[in-house]
């Protein structure tokens, strides 16, 4: 047993429309070690969610994998067969989605939806599976699980539903948990609880986490290493501490400046949080050169014509900018 | 829902376009007068050089009658759908806007309209008014406004909950102005889709009512009445029924395809999915 | 070889003479599958309550009336009586009744049953349609008004002798052959569910009725004609839709079917189907009535002009497909008063134009023509006539109404011109009274015809007991109608019944071709029906 | 649960009352008297008889009196006396109910069986041959004139192929019902194919289906465990509406195939101006609609837990 748990190499994801084919994700590479928590950060539409889906083998038309390798535990899985994927999903890689409201089947009791995991992957019969589902609910700290297993999703609060999602995802103690904006739809007070619960359970089971969020602060708290994506590419990757201390890419800097920070408010007075001007370009209209150039404060001529290459940084870090530093 | 890409819009548009063009240009593209050029010596001639679609029992040119029939059938479709839309939108807007007993009354009426199948209702109205174009338009125009009514009402309620209406009221706009300027543009897309699909339905209903002996008033032909008159001759003179039958089928098909295509453009949330 | 003689229309005189060949002996047993083509349901099986021709298709098997119409001689013949004698003044008729007629419940019919049935029909509170016929009997009207309990003109001499006093000099046969005057058994009628379990005197007894679908009848073994009926069962299928009937007939699912013009052509052209066509000149005259309240139609010359302007023969030939006989005047071909010497109005647009000019309508005029959708005497005819009238300057605007409303419109006089079909037999005097000036419009003088000479002829005909003289008077009256042209004389219907090769004994009944005396029908082994 | 049922039934009452009032008013202004319905080609009825009949039927009473009478009678289950047969309308309608129900159920079985199946498989493979075929078929089915299609079926299957009887009720067996049921069911079938396809596609794109896939379920299990039931909720509404209105839509098919149902009785009665019978038929048709839709509402409660508590 050597090497990282998950290695994504030079990943390309294509978006096919009737008119043309676009690269929704380009040249994305990263590694996640066993039990490690890795963060993928970016604005919506930057390609982070579909990167995660590609790792689950869940890309669906019009999206498809167009290049690169996904290696799980030294095994290439990007070309896995339908049956192989089925054995990977849920059992070795699990996923939590953003909307706990819609991610659960509204017509099925939550207990059953958890129990399915035991039936599918551990060959349990439904009675056993339901008992285990009750235990799973207890693990995610749902009160009176014996009654809740019969409840339908609409009878639970958002936080409770996300706990159910976690229970489903961790039911078979997977090696990797992908959490796609797991708390975005929740109240702020509940967010921390959920994050803590997730971190705690993963630590206990030795599960690695691929945490996907637009919230750099949240990710930095939880993950050891963080990658920042912009317009389909990873623009910077560093240790969480390093990225806060010394963000190298202007986009990362912008993200950090837009975060509210305790204690700073008084110092800055009534000054508004900084925002990154402009919007994420649409996939059909990526600018030439550096894709961030229309929004970048430090833009120069080269940024508009030449796409920046990767510059390695210390401690396995990297940045994709002509003017890093 | 669509066949493939925009092809349903395209095919539907062409089919409907042909029907509309035939209707508009009928007096020009007709070969003979559809009513007065009856000549019993020419009765029941199969399709050929002189009469491309053949002649009917009275010796009239079927092609010319079909071309003129397009006028009647499309008029029935268009006018009845305008009626339905007007009734539906007016009731739906006012019900959603004013609420209260009026809303209850309108939703009661809507339930009533849904409970009596529209063909049965139209049949009753036709029996009262007697056969004829006017009665037909009334019968079909009064009996299927429930969809547009529901959509209008739902739109008003959603705008109300978003505070648009209060804002407009604070600005001093009158009720009517608010309704029409705020609500109507939002439901125009779904309305057009409903009306397009409804036109097809109206043309089919016209054929059904003709079959039951309650169709259009002569002597100008509708496709339904031509089909209905020809049904006894289906073994002896099949062209009498083939061409009006095809005209109905292709036009309604065109309208349905067009409606589907328009829905993709005008009503992406598919509030009008046939229910 | 079974050989059927279908109706040969020899000239115009010999009509309704179709009978099955007697060369083979009729087979006993089998099922006869007839169709009821006029509506999708039967009205009622209590035949006193229903005047519909549709219902009488079943009624002819289930019931019997005092008289019957004999299609082979075109005469009214005694059915439930063996003889009748009339007093010299022609008003008192004494009937010797059959002594072998049994109701389906096994009871023998007597004079009481006839008296009871006629009295029931006159129940004023119920307004039975047959009252119009029974009203001929003296005192019947008092029962209707409720001033008498019994009809004074009906006297039971003994169980099988009945004396009937009538109020008009006429043949009572014209009145008492109609299905609405059927003789029914009191004890059964008074049961609560009679209409669903009808009992009568006919050759077949009731088995089942699936409303909207069919009636099934079974052979009645105690029927009074020896050896009859032949068939075990009769099924009368309801089939109003002509196209569906066509398919069913070709598919051999039914034994008889009424044909419209289009199918008449198709069946005649088909080598197999053409062998099974029965034709008869029915007593219906199709015409366009012209309302004299609409000014142009008040002028005789205009009415004649219209008769000249329309190429009636062409319409009959091409559009009606010869499924009709050209009408000369009002009375049908089968009427003894029909005048063979008179030629129908010729097609002569020039003469029509001249007549119109004489009448002051040189530039024509416009009128509204009320019509139903009927294929033989409705819209298709009107559509064919429109261009013909247009040629002489008359613009006709069709006004389509439902067949149901047609009667109302005609009775109310709410039309300028209306095309319809009228029953014109078998009682010629009664039919011509529809042009008698004292007959109100609501009764049947729909064009408010008023001609003193015509009135006089009818008065005389009503008072004579000399049958030949009456026939001649009515002939003259009919010819006045021809000259006055109160209507456009279009045609007399040719009813056409298609039948399968295995059914025999069909009668060409000119009062209504679907009304078959089923005791004479039989099917041979080739019938696919079980 | 009982409260839900009671509430649904209570909802039906005002609609039914409104229908009764509406049909009464509609048909009191119908032109042509019932007498015109009794007279046939050339045979007219004595005016004196007409007068008497009008009186007997109470047609000369003022409208409000007649309405009051009608309502009280209907409330006690008496639908009046037919003008035509002089029998109670209930005895007229009674024997028609079963054939009508049979036809409607057969048509719906066909529509659901074929429509839902086609729509379902079309949605599983969008853009495939079966999808294109089903959807072209469905939209064509929606564009067909019912009587024309019925006539074609009759010619093809009865006359040309001689597989099936062309018309009528027969002995109530299966062979007679096939053609009318197909003619009646083709519209709802087309609609259901489209709706089912849309519903299944909707559900297949739902987040919870992605969740199910992420659990490592086979596509087949995803469909049977999660898609079917959710799609059913969407389809059931359409089934209910179609089903409910089918008895009224059957008018044309019943006429064409000489099927002894409520629809053909109604058309006949309209043409014979037999108002009490027409009113009775419409009432039955509406009642059927309301009953079916109430049942569908209740079926919802069984299928969709979200409704039970709201």
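Labels A, B, C and D are assigned to the chains in the order they are written; within every chain, residues are numbered from 1.
The rule we apply is simple: a contact is a pair of C-beta atoms (placed from the backbone, for glycine too) under 8 Å apart; a residue touches a chain by one contact, two chains touch by 3 or more.
Every value quoted in this text rests on a predicted model; they were computed, and no experiment measured them.
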{"item": "Least hop count linking subunit A to subunit B through chains in contact", "value": "2"}
{"item": "From subunit D, the most remote chain by mean C-alpha position", "value": "A"}
{"item": "Central chain (by mean CA position)", "value": "D"}
{"item": "Whole-Å separation of chain centres (CA-atom averages), subunit B against subunit C", "value": "44"}
{"item": "Length of the line joining the C-alpha centres of subunit C and subunit D, rounded to whole Å", "value": "39"}
{"item": "Centre-to-centre distance between subunit D and subunit B (centres being mean Cα positions), rounded to whole Å", "value": "22"}
{"item": "Computed distance of Cα centres, subunit D from subunit A, in Å", "value": "52"}
{"item": "Numbers and ranges of subunit D residues touching at least 2 other chains", "value": "31, 151, 155, 255-256, 267, 271"}
{"item": "Shared interface positions of subunit B, touching two or more other chains", "value": "127, 130, 213, 231, 234"}
{"item": "Pairs of chains found to touch, sorted by chain label", "value": "A-D, B-C, B-D, C-D"}
{"item": "Footprint of subunit C on subunit B - complex, ascending", "value": "35-41, 43, 57-60, 127, 130-132, 213-214, 217-219, 229, 231-237"}
{"item": "For the subunit D and subunit C complex, residues of the former touching the latter", "value": "31-33, 35-47, 49-50, 52-53, 56, 84-87, 91-92, 95-96, 99, 151, 154-155, 158-159, 162, 165-169, 254-261, 264-265, 267-268, 271-273"}
{"item": "Residues of subunit A that touch subunit D when the two form their complex", "value": "56, 58, 82, 85-91, 94-95, 97, 99, 102-108, 116-117, 120-121, 152, 154-155, 165, 168"}
{"item": "Parts of subunit C lying in touch with subunit B, wherever the complex brings them together", "value": "242-243, 246, 260, 262-263, 265-266, 269, 311, 314-315, 317-319, 373, 375, 379-380, 382-384, 386-387, 390, 398-403, 405"}
{"item": "Parts of subunit D lying in touch with subunit A, wherever the complex brings them together", "value": "206-208, 210-219, 221, 225-226, 229-230, 233, 303-306, 309"}
